[in-house]
Each structure stands twice: as structure tokens, then as C-alpha cells.
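Just dropping this structure here.
Chain lettering (A, B and C) follows the sequence in which the chains are written, and residue indices restart at 1 in each chain.
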Amino acid sequence: MGYGAYVPIYRLEASEVNRVWGGVGVPVEEKSVVAPDEDTVTISVEAAKQAVKRSGIDPSEIGAVYVGTESKPYAVKPSGTIVAEAIGATPSVSTADYEFACKAGTEAMQNCIALVGSGMHRYAMAIGADTAQGRPADALEYTAACGGAAFIFAERSDDTVAYVEASYSYVTDTPDFWRRSKEMYPRHGNRFTGAPAYFKHIQGASKRLLAETGYKPEDFDYAVFHQPNTKFPIRVGRGLGFTMDQIDPGLVAPRIGNTYAGSTPVGLAATLDIAEPGDKIFAVSYGSGSGSDAFVFTVQEALPGKRGGPKLASFIERKKYVDYATYLRFRGQIIQ
Amino acid sequence: MRKVAVAGVGLVKVSEHWEKAIWGLFAEAALQAMKDAGTGDVDSLYVGNMSGSLMQDQLNMGALMADAVARPGLHAVRVEAGSASGGVAFHEAVKAVASGYSDCALVAGVEKMSDVLPEVAAKSLVMEEEQEYSAYTGVTKAGLSAMLHRLYMELYAEPSEVGMMAVQSHENAVGCRHAQYPFRMSIERAMDSPMEADPIHMMECAGVGDGAAAVVLVPADAGGVEVAATAVATDYCSLAMRDDPLTLGAVQKAAEKAYRMAEVKPGDIDLVEVHDDYTINGVLSLESLGLVEAGKAAKLVAEGGAARDGMIPTNAFGGLKARGNPLGATGVYQVAEVALQLRGAAGDHQVEGAEVGLAQNMGGLGSTCAVTILRRLGP
Amino acid sequence: MCCDHSEEAGAMSVPRYWREEVPRYRLLGEECTGCGTRFFPARPVCTVCGSTEFKDYKLAETGEVVTWTVIRNPPMGFEKYRPYVVALLELDDGVRLLSQVVDVDPEEVQAGMRVEAVFRRVKEDGSAGIIQYGYKFRPVVE
């Protein structure tokens, strides 16, 4: 019915990380960094407000607000209640926070589809957002970034901007990346996060969904994959038979990094910003632990008239660089 | 209502009084004032104190101070009106004597800021503002005045002209025994100092200090220093509610009431103590008191008009900037200093021929203002 | 230098915070039913006509800077954000309010600058107390 996306203004370049730690990697050019007064809740509110505005609906009719994240500000107290209050969805609303590493946002989407599909709620909002924390000197420090996107689901009508043709979730217990509750930073299995994790689950979900729907890669105009860095989504997409033309528009990681639970949702928002009625979008997330949610969206006539206001590109272009020390300060990683 | 006069004053040097507790500081000023008045026969006591509940965890200060000066039993109360606590406490004491309720009132302002970290002192300043929509923005007291300072500079004056308010206050404080900073400060020093809240420089801001000042009030007879008027007024707390941010409505209203009560005009005022916790506040106070035309005060001060021999002798002992600003005590320091002037007892700080003096004390961003006019009586 | 005094600053009272959530989160003020004057925050008595009857009024979310300052010595609890800009804003519906201006370097701020409301953290009570959110404004993103 409506969607919104947000990325904070600050950027840390990979070259700046290398300057400090003496490394040479450039898994992404630069990543987005929250200001000290931003967090997953504030990002979620920005994306949600944009989604509500574009949808044209009365927010009090939203029956569910689900925030998927792995950086919720409170361990116990849902981010969703704050977002719901901020957008005026309270009190007739259900909220809960979802956790499934980087696919928490698309998990929320699956559940919103179910809520609307079952007739339980007229509108349901799913948000994927994160302010991912990178362990200093770790490979993931280059890419752990901040951002999010929100999607309001409704029964398909002439007012909806895209409809869900099908979705499929593929999940196994695969401990490739995790964080214990009292730890500040996650741990990961390095190369194990590749083939047995990211690739296996995205491929598993993609192939099954394609098989069940009967679609082939060439039937799609856009293909959005979870983007932990620049290379992985390209490799998995091409491996499945998609082309760079299909993958590139939704590939924002090179310029903003990996927004974790925001990653696929933000990529999806990027394609919605430019897609035309009739376009088909193939979107597959990946969350460590592990699993993938795959979706087929078809864009409707209403989309071009319901994406006013700043597009994701405006937020990506809007940037101020910070040095590494300022980055640590903003992320609260300096011991005082 | 009978006329009231200042019978005695007491002033403690503004400083960091590590060894003195708040009641000890109070007692020192009170005893000085009673000695100066030649009487200890006080029947009411008013304490001007702003932050004792935050800084000393102390409530019920009226009783505590009556206890401290060994006069339990008398009417005693603490008066709080932010930084205007001293001036408003003075007002209450005057009313007690004027009404006949009290025949001899002791009013003393006291503050012990050195008991807390500077951050806590800064917190107490912003506690004078509305908390949920002004203080919640993270603004400081300096920050609020800074916004006025910026507007004033756009329209009327150079930064250094407003800064001269602090330079003049320091000039006046040289040699003053009770001043916190009795030394000259150049405009260069002020303008080179780091920004406190742009565009206000640190050296344009009054410091943090401990102090106590006391006044004994009695029914007026033929001589002495008469309290010609004392008035209190308020204004909207938030800057966002002010039609003209550069007009301090509370100051204007309190001054109008006071001029009317004293039956004087602004031109009759021979010397003034203004609330220069920030240079811009001193400048705007001169204008809102009707002593200088709107937009002209900074230039007047910069040209020497506020010197002791100038057009509007201002802050003759250094004002808040140089004599010091121990919050709740400040208003009483101002009144005591005006009284000394009118007695001809100001020594090197004397404004010649002073007959009528005005003290102006503000709380919040000019949301509370107490204006006192004293007049020399008799031969 | 400022260290983090958010714990010693004194925890925000939960009821006090909760009470202002909706006005702060949604920029919800009031409009006097007697004379139409709009207020933010809401107040019990209209300053123009004295009425005590109001209806909810949602403020405009865009406006411009009237005047501003840069806070260099923050109050307790705000240390980690310094330096930051606090401004007097006039919204497009004529209502004025005080607010921080974020996502901007202090030197870039100008009178008349166009700004829009955003939802941000204001402060938190140490690492164990509640997180306080509220409105701030940023230069308009087109």
C-alpha cells in the first residue's frame, strides 16, 4: 500500500578503516553511520512515516507494526510500540519485534502478508532496520551499516503499489553468525558464512520459489538479494541466472554498506523507487542462523503516483564523511 | 502601607567558600547587616535562595536560617524565583514591614554553588526554564540568551559592542572588596575566549560562586535609604511565545510598576544594577528598563555611557559578571550595593550625587523580574 | 572535556516522559475553539481569548530557522552530542518552537534555512534507564 526507506547522513569509507587498521579490503566503498541521536527505532520511524504518507491511509487503521532488527535499543521493550505511537497506529494495533539476524525485516513481511491475507487486519506494517555494530578490526567492520525500510501491506486493490504473487521461507539451523545476549559484537564463522550459509539458503529459497511459481529469471525486471557486501549478491544472483541489469538497481550496499535487517528491504525500496507498472521484482533476503525469505512482487499502476517525497537515492546522495575516531564516538565504541 | 527603609547591609565576598556551609554563609551576612543596622531585633526573615534543594539537598531553609542566627520562633521562609530569588525575597520582606506585619525584617540571599560539580550548577540554571519543551531540547541558559544575542547583533550592534558590557562591569569592580573578579578584562580577552554558546563567548558570562548578602528593613523615619518601590512581574517562559524576543516583557512591566510606585521617571534614576549574567541580558535590561532606547544600549555601553561617571552609571561594583552571581543571593547584593551608594558609603565606587538607584534581578530567560527603587531620604 | 553524566543527571521520571510522548512524537498541539490560536505545547488556558476549550492540532512538519545557537557546554545528559545546534523555529503554520537542528554542521545554519521534523533520541538514563525520544529538525531532504 505504501513504502518508505531511510539511511542516515554520515559515511565511513573503507579506505578510512584501512588507514587505521592497515588493511586493504574494500568490500564496499563506504557505509552509513548513525548520528549519536539515531537508533533502530528512529530509523524505523522515519521509514514508517514515509510509508504512511505515501500510502494515503489513516494510520490508526494499521493493525500491526512489526520491526525486524538485530540492534533493538531495548532488550525487553518492543521497538514496535514506539514506532506505532509515533505514527499514530495506537492503540488498536499489535506489535512485536522480530529477530532473525538480517532477515528479521522480511520475516516481519511474511507475517504481515499472513495477517492481511487472513483478514485479521486491514493494514499491517513490516519494518526491517538496523544500526549494525562492527567489531573493530574485524572484516565486518567495513560493512556493518545503518538504515531501514518499511512496507504497509493491504489487500490487493487498485490503490496498492505492488502485489505479492508468492513468497517462500527456507530455514535450517546453521550457526554461521550469532551474538550471545551479553556480548557487544557478533561472531561469525568466516568462510563458513559463504557456501553453507548465504549461498545455500538464498539458492534454496530462490530455486524453490521459481519452481513453484514457474517463473524463470528472465521473467523479472529486478532482482534484489541480501547484500552483505558488493560481491555476494552479484555472485548469487548471476549464479541463479539473473543479469547485472536486473541486480544493479537494487544493489545499494557499495554506497551504504550492509544494513542487516534493512538490507533486502532497502534494496527492495530502491527498486520500487524506479520500477514501472507491470515490472516483476524477485527479492530474496538472508538471515544468519540461517534462512532466506523469497518474494515475487508485481508492480501495479498506482506505484508511480505513490512514491512522492525524498527517494532512497536522495538519502544516499545526502552524505557527510566522518573519520574513524568520530565513527567510534558516534557508535559509542569509545570507553570513557 | 507605611514606608520602609534599609537600616543595614551585609555583604560577603563572592568566592569559593569551601569551609563554610550554606547556613554559615547566611549567618555571616545576616550578622553584618544587623550590626550595620544597630539592631538584632528582627521579627521576620526571608531567605533568597535558588538551588539549595538541588545543591545541598536542603529544603525548609527559612527555619534553618532562623535557627542559624539563633532566632527560632520568628516568621521565616525561603523565597525561590530562579535567579530572581534575591530580588523577590527582598520584595516579600518589604511588604511584611510595609503592611505592619513585621517591624524589622531581615532578608538575605545565599547560594553555595561550589558544593557541586560545574555540570550540576549548569543543570540548575536550565532548571529555571520550562522543562518539557525548552530544557528538553538540550538548550542551556547561555544558549537561550545566545539566540537573543544573535538577533540583537543582526539588527543593532557589533559583537564587541555587546561584549563591552562585561568589560565595563570588570572596570567597575577594580578594588571592590566583595567582588569575585575585581580586575580589569580587555575586550580582546573577552572576544578571544572560546564560545560558550555561539555567539556568546565564555568571558561574557558570569561565573559560578558562593555568596551571601543581607539587608535589614525597618519602617522609614526621616533619614536613611527609603525603599521607594519594589515590583515583581513575569513573562511567558518560552522564547517561542514571545512576540518580540528582544523585549524583556517582565522587566518592562516590573519597571513600569516600580516607576509608578516611586513616582519617578527613568530619567530620574542616577544609577542602576542590571542582571548581566550574560552581556546581552545586561544590554537588553537597560533597554527594557526604559533607561536606553531599544537597540542603543550596546553602543552606549561601548562608548562609556555605563561608567560611574557616564550617562547611566551601571553595575558600579561589577555587576553579575565581575562582582559575581551567586544565584539566589544576587538580587540582595544588588539592593545592598544601591543602598551603599545612596548613603554615600561606596568608597572608590561612589556614583557622585546619587539620590535614586534601581536594582533589577531576573529569573529564567527574563520570565521573572524584580525591580527595586531606593531613594536617599533626608539631609 | 565532558564525560558522560547521564546516570548522575538524575533519571527522568517515567510518568513525566510518558505524558509527553504523543505531543512530542507526533508534534501534536492544540487549537483554541474560541479564537483559533494554535499552541505547542498544549496549555490549559488560551493566552489570546482566555478560553479553556481546545481541540487537537497537528503542527506543520516544515518551517524555517529564526535564530539559533551552538551548545558547546551541554547540560548533564547531553554531553555526547556536543556541539549541537538549538534553534528557534517558525513552522509553516506560524507556530514557533525551540528545537535542535541536526544532520548539519553548525557553520551551515542560517536564518531562514528550511527544516523538517525528524524523530530522534534526546537522551537516556545511563545504560539501564529509559531512552527518551523526541522531535528535532533537519535541513529538508528533497
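Please note the rule applied: a contact is a pair of C-beta atoms (placed from the backbone, for glycine too) under 8 Å apart; a residue touches a chain by one contact, two chains touch by 3 or more.
For clarity, every value in this text was computed on a predicted model and none was experimentally measured.
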(request) Consider the two chain pairs A-C and B-C; indicate the one with the greater count of contacting C-beta pairs. (result) B-C
(request) Identify the chain whose mean C-alpha position lies nearest to the mean of all protein C-alpha atoms shown. (result) C
(message) How many angstrom lie between the centres of chain A and chain B, each centre taken as the mean Cα position?
(response) 58
(message) Nearest whole angstrom, what separates the Cα centre of chain B from the Cα centre of chain C?
(response) 31
(message) How many angstrom lie between the centres of chain A and chain C, each centre taken as the mean Cα position?
(response) 29
(request) Could you check chain C for residues that touch two or more other chains and list them? (result) 81, 122
(message) Taking the touch rule as given, give the residues of chain C at its contact with chain B in the complex, in rising order.
(response) 2, 5, 9, 16, 20, 24, 40-41, 47, 67-76, 78, 81, 84, 86-88, 95-100, 106, 111, 122-123, 134
(message) Taking the touch rule as given, give the residues of chain C at its contact with chain A in the complex, in rising order.
(response) 3-4, 21-22, 25-26, 80-81, 102-103, 105, 118-122, 131, 133, 136, 141-142
(request) Give every residue of chain B touching chain C within the complex, in rising order. (result) 119-120, 122-123, 126, 132-140, 142-144, 146-148, 150-151, 154, 194-200, 236, 238-241, 245
(request) In the complex, go through chain A and note every residue touching chain C. (result) 8-9, 35-39, 41-42, 45-46, 49, 73-74, 82, 85-86, 88, 310, 314-315, 318, 320, 329, 332, 336
